[in-house]
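Both of the next two complexes hold chain A, though its partner changes from chain B to chain C.
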Partner chain A sequence: MMGLVARLELAHWRRNRALWRPLLATALAVLAAAVWATAEDAAQREAHREAANEARGQWEAQGAKHPHGMAHFGDFAFRPAGPLARLDRGVQARLGKVIFMEGHRQGAPMHADVARAGTVARFPRPDAAFLLHTLVPLLLVFLGGAGLARDRESGRLKLALVHGARAHAVLGGHTLALWGLGLALLGLGVVAALDTNVECGDPAHAAIERLPAFVVLHALFLALVAAGVVAATAWLPSARAALLTLLAAWVLGTALLPRAAAGVADAWFPLPSQDDFQAQLRASREAGPDGHDPRDAFIATRREAMLREHGVDTVEALPLNFDGIAMQLDEEFGNRVWDEHYGALSHQLARQVRAVSLAALVNPFQAIDNLSMTLAGTDLAHDLAFQEQAEAHRRELIAKLNHEHAYGGSRTGDWSAEASAEFLAALGGFTYRVPPLAEALRGRVAELVALTFWALLLLALQRRAARRLERGTLAC
Partner chain B sequence: MLQASSVTRRFGALTAVDALDLEVRAGELFCLLGANGAGKTTTIHLFLCFLAPDAGSVRVGGVDPVEDPQGARRQLAYIPENVALYPHLSGIESVDLFCRMGGTRLPPARLEELLERSGLARADARRRVSGYSKGMRQKVGLAIAYAREAKALVLDEPLSGLDPEAASDFCAELGRIRDGGAAVLMTTHDLFRAKELGGRIGIMRAGRLVEELAASDVDARELERLYLHHMRAAPGDAPAPRATS
Partner chain C sequence: MLRLAIAFELRALLRRRSAAVALGAFLAVGAIALLVGKGRVTQWREEVAKAQRAQDESIAEARDLFAQGRTSPADEPWIDLREPSWQDTYAGTRVTRVAGPLAGIAAGAVDSAPVAFKLDRNANPLTTGGYRIENPELQAGSVDLVFVLGILLPLLLGVLGLEVGARERQEGIDRLVAIYAGQTRGFLVPRVVAVAFIAGTSATLVCVGAGLAFGAGPRALASLVGAALLHTAAWSGLLLAVVARAPSVRSAAFAFGTLWMVLAVLLPTAAAEVALSRVPPDFVLAESVDARASRRDVWEREDAAALRDLYALLPELRRSPVAAETPPLDRDRGRAAKRLLAAAQRVERHRARRAEEVRAQAVSEQAAWLTPVVALGLALERLAGVGPEAASAYREHLVAAVEARARWVVTKAWTKAPLGANDFEALIAAAPQAHRATREGWSAPLLPILVWALVAWMAALTMLAAGERPARTTPRDPR
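So, the complex of A and B:
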């Protein structure tokens, strides 16, 4: 029975040419967004591959070189976009995917402006996911609002109910038709973004487990929209009232509430400006040791302790290169400063993200937007994970270079001693590891709860509307 | 079969049906006359379970529609003023669709037979209903009702807009349905058809059944006189005197 009603609705759409234009326009928009993002992703992957090869080639071309020279030569951390980023570019496009790693400083986060980092998630993005979260629901509002209302206003609904049709099956059939259309558009986007030529790097592997979750959650969201449209049309007395209510809900959910949530999050948990942040960082860093300055008090204290420890009078007499020790002391202090400042920034960003997550409890549009970015690996949490991984890699790299500097056989003050080409080549490049799905979703519990809550609420509303339609307490 | 006992239904300050007592027995055809707003459609909706009475009770085959709408509807078929069908379906497909919505599947031959019985030509039954006249759609409505094998048929102004020939055919079919033992309740503005169909006639005014008579007791002119009298009378006026011959 439900399938029968759904087929009737699909037949009506197929036969009504006036509906073809918005349907085709939406399908083409989803298709174009996915194809464009796939092409752009392919170009970017190629550019990253070339840049990574170039950087690695330059590193290895240095041959034997002083370890601290290599610490300043530096290396690059590239964050390859996963295949799902073609469907949802999230905030990734605005945050950058490359970090330069060198001694003495944490790789600069590629945020154009630290103070905007928390809010970029709310800007529209020309990708398939954005269209699935906004344009497709709008299409379902227009089609669905008219569907049940047409049956009601023509008298077909009454005729069907008297002749034995169950209202829940009628409502379910209309929901099924709308959902089917939404799923077709979702499938179109997913298929268009599929690329058999995807590298088998880590992000691609992660997508294998994330793609089903991406599809399932989007399917759930589209079911919510379809059920909401039909429930509103059943509850409200006229097609016009239903359409106006649904349009108001759409504007509220896709534009007003997300912006309000971002505004509140910014107001409650403000971020420093880029200039202020860098000034505070510089001030804290300058208060610590400078490995390049032999007169630095902190370094001098450590130097004296080491001389006593080895029972010698001069650093030249030490069986190691104290300059390497000083560089590591400098590095470790710097690391504490970065941890403090970037840690506070990350904490504040996390609080903003949590505030926006809580707002998703009342707004399923926000919930799917956040979940979609998380599953695509393009949200702020993945950006922070990339920075943390790059920083961990940088610290390990610099520590190894400083260790070679200190214990590689040279003496203090010898700035001509070189680490072997083999040693330097053995220092591996950076590889980004996508956080496991469970870990990524741990930060999106509010969104999952929101989608479940809305699913149950709309199901209950539809069932109640069906009962009332059958009993005549809702107009049919 | 269809019974309303002291039924009142209000919409805010408006009393659409006021202490209505009405009974249509099996094998009986009851025509409900009245001006627009007299309460005829509200009465129909009470039997169809689309409205619940504020006072009194309604029974369909002994079942209270408020308590068991599905049980009451199982005994009913309904033909509205405009039988709304899906324009892309043929007559046969339309009957099949409503049967399947009600959980019944009939073989094509049986569907054709039902449409033929309702007076729709075999060739027309295979055409899309978008090209049907109102009379043809009413015949499809009748076929849907036949398929239900319902004990009661409720019709809400099914004759309005039908040409005389189509109305005549339609009324002939109603007569056959009544003769088959079903209770038929029909609202109409067509005094002539109400008289021709026989059975009993009720006149409603301001929600009340102000006159109830057997069609055989009056001729068409007398029925019109009675009707106009009730429509023009102020509330609480005495019943119209009947002509003696």
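So, the complex of A and C:
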């Protein structure tokens, strides 16, 4: 019976030419967004490779240089696109793309795309996920809002119930039809993205391990929307009331609640201003050793200890270059400072994200939006992982350069000794490792709970509506 | 008729819960937008005040040293205030950016420039970000007046006005009402105008609230209200076009919903896509990898080459007695000269970046013709003095200031004459003024909104007139 109702609904959509236009327009929009975003993503990946190669080429072209000179010459970490960025670009455009890594300081990401794109960059970018979270639910609202209402207004619903049809099968059929349509659009987006990826010659980045989770969670979301639409149409007395309620819910869920949640999170867990943060970093940093200052007290203490250890009177007599030791001392103190301050900042950012996640408990649109960008690897958590890995690489690079400075054969005060080109070339470039999916999803438990809860709640409401329709306590 | 329609719609507003709720929600979100904007402006002004204090403290410290006849603090003997580089450091110049009277109305704008910048010979304005550390997941959805007036106002118009005409048609009483009113236009147009009046009044209330909250003058406030009313006019024209033909409330909702989805959501996001896809996917190599190479090139440049480049920038140095010295580039002069050369490179890079920003902004200007929502956003950002254009203008101001400071250091380092308190005071007096964003071109995006309003109203009136034309019948046979 359920299948029959679903097929009838599909047949109605097929026969009603007035519905073709919105259906086709939505399908074309999803298709175009998936193809375009995938092509853009492939171009980004190619550009990423070229940028990394160019930076590496420049590093290697330096030849033999002083290790500390190379610590200031620095290296670059370029933020790669998320594994499923072709389906959901998340907040990528708002993230800095380049981190300059040099001695004495932790680099911050710079050059976000939105800063180079003009006024319209304040609006979100359309990709398959954006359309699946906004346009497709709206289409389901318009189609679903009319479907059951049509049966009710024409008396077909009453007739079907009188003839022994089960109300839950009728409601289930309508839900199934809407869900099927949503799934078809989801499939269209995913297949178009995969196909374009192959066409762009970039199949290595299919991110197959994340794709099933992306599809399953979006399928769950679309089921939730379909169930919600049918439940609202069954419970509310008229098609107009149902449509208005659903549209109000859509506006609330997609436009108002996410902004309200962001505002509340920002107010509850305020971030320091850029100047304040830098001032705090400077103040903490100045309390420690300065590798470039020979009169520094911390450095002096360590120098005395080394002189005693080696049984000599002057740093020049040391069998190593103390300047390299001083630089590493400076670096290690700096690292503790960066860990403390950047750690506190990351913690505060995470608290903001958690507050928004809690808001997602009442807003499934926000839940799927957050989950989707996490699965795509285009959320803040993935960016923070990138920053942490870049910083770890910087520390390792600078430590190796300082070690070469100290133990590479030069003596203290010798700023002309060069590390060999082979040594410098052997220092590897930065490579980003995408965090495992389970680790990424750990921060999105609230969203997973929210989606499941909403799906169950709406299905329960639908079931209850079906029972009341059968008992005649709900108008049919 | 209009007065009757307004009274009628106001009564309908009180009777219809959905309309009252929508109006209340609109005003509430408007109030939240003002609070968010107020918070941003307060933070902005605090940052400027802190920067000003830091500058004053630095200057006071130097003045104190001069007053004591000393050139360095007791615990930092290497400092020599007679040298231009130390005077530059102690001037502690902060180039600030003044928050305009309506800066809070576009809190969600993409603005990548700081509000206070520490100026010295080494400063690099091209690698600075905004004054706020922002969570990108929160930044993706900001409640500001651009959102309230651009996205929510059309929705409010829809909720208030979708039943106008469509309900009469749905209930089959449209002919009767038309007979009483004389024409369909006679009852439809005043009612849509009445709805526009209610929505426009709500928008005006929010704008006046913004003016009061941010302390805007009458001219700025009038501009804001004018933009909001023009936007209301454009969308009420579209509403009239929809209700002129819609056979039922549901089809009116579908048509207006589609229009809103296309004009307020899909076209702006498509414009964002175009603008962002035009950003070269090059990881800003010009300002990262290439900039590093040119910086190194400057610092490793042979003295003769550096001197040649320096003379090209400052030809007057060639005529000074120092030019005859061998070699004229000693350590201090060499470092000052290379800093100037690096600053000159930044000017070149900024020129390229500015050209890129202008090209990017052209997409927004073109998109303003596609949808009034983008046009309104553009107008309000210019009115507020925030956003990419304002950030770019401020950065240009900073790049020029840094280059001027680097020139000053080189010129002073060239003579080797010890500097005194008077030079220090002259340096402070010559510091660049705070930057004020101009409202230049803010009204240009209103033209597309005006065109939208005129076209929508004319189309709606034409559709209404066409609907009222008597059906052509076959002439009766005179026999």
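In this section, the second predicted complex is superposed on the first by the 446 of 476 C-alpha atoms of A that agree within 3 Å, B and C clash if a C-alpha of one lies under 4 Å from a C-alpha of the other, contacts with A are read in each partner's own complex, and residues count from 1 in each chain.
Convention: a residue touches a chain if its C-beta (ideal position, glycine included) is under 8 Å from a C-beta of that chain, and two chains touch if they have at least 3 such contacts.
All of these numbers come straight from a predicted model, not from anything done at the bench.
By the touch criterion defined above, A:274 lies against chain C but remains apart from chain B after alignment on the C-alpha atoms of chain A. Shared-chain residue A:383: touches chain C; no touch with chain B.
In the superposition on chain A, A:155 contacts chain B only, with no contact to chain C. For chain A, the partner that touches more of its residues is C, with chain B and chain C as the two candidates.
When the two structures are aligned on the shared chain, A:256 is found in touch with chain C, with no touch to chain B. Once the two complexes are overlaid on the shared chain, A:211 sits clear of chain B and of chain C alike. No residue of chain A is contacted both by chain B in one complex and by chain C in the other. Against chain A, in their complex, chain C makes its touches with residues 18, 25, 29, 32, 36, 39, 43, 46-47, 50-51, 108-110, 112, 114, 116, 127, 129-143, 146-147, 151-152, 155, 249-250, 253-254, 257-258, 261, 265-266, 268-279, 281-285, 287-289, 292-293, 296, 353, 356-357, 360-364, 367, 374, 377-378, 381, 387-389, 391.
Against chain C, in their complex, chain A makes its touches with residues 22, 29, 36, 40, 43-44, 46-48, 50-51, 54-55, 58, 73-74, 76, 78, 91, 93-98, 100, 108, 110-126, 130, 134-135, 138, 142, 145-146, 239-240, 243-244, 247-248, 251, 255-256, 258-260, 262-263, 265-267, 271-277, 345, 349, 352-353, 356, 370, 379-380, 383. Of all residues in chain B, only 45, 48-52, 66, 69-70, 73-74, 76-78, 80, 82-86, 88, 97-98, 100-104, 141, 144, 148 touch chain A in the complex they form. By the touch rule above, chain A contacts chain B in their complex via residues 1, 4-5, 8, 11-12, 15, 154-156, 158-166, 470-473, 476.
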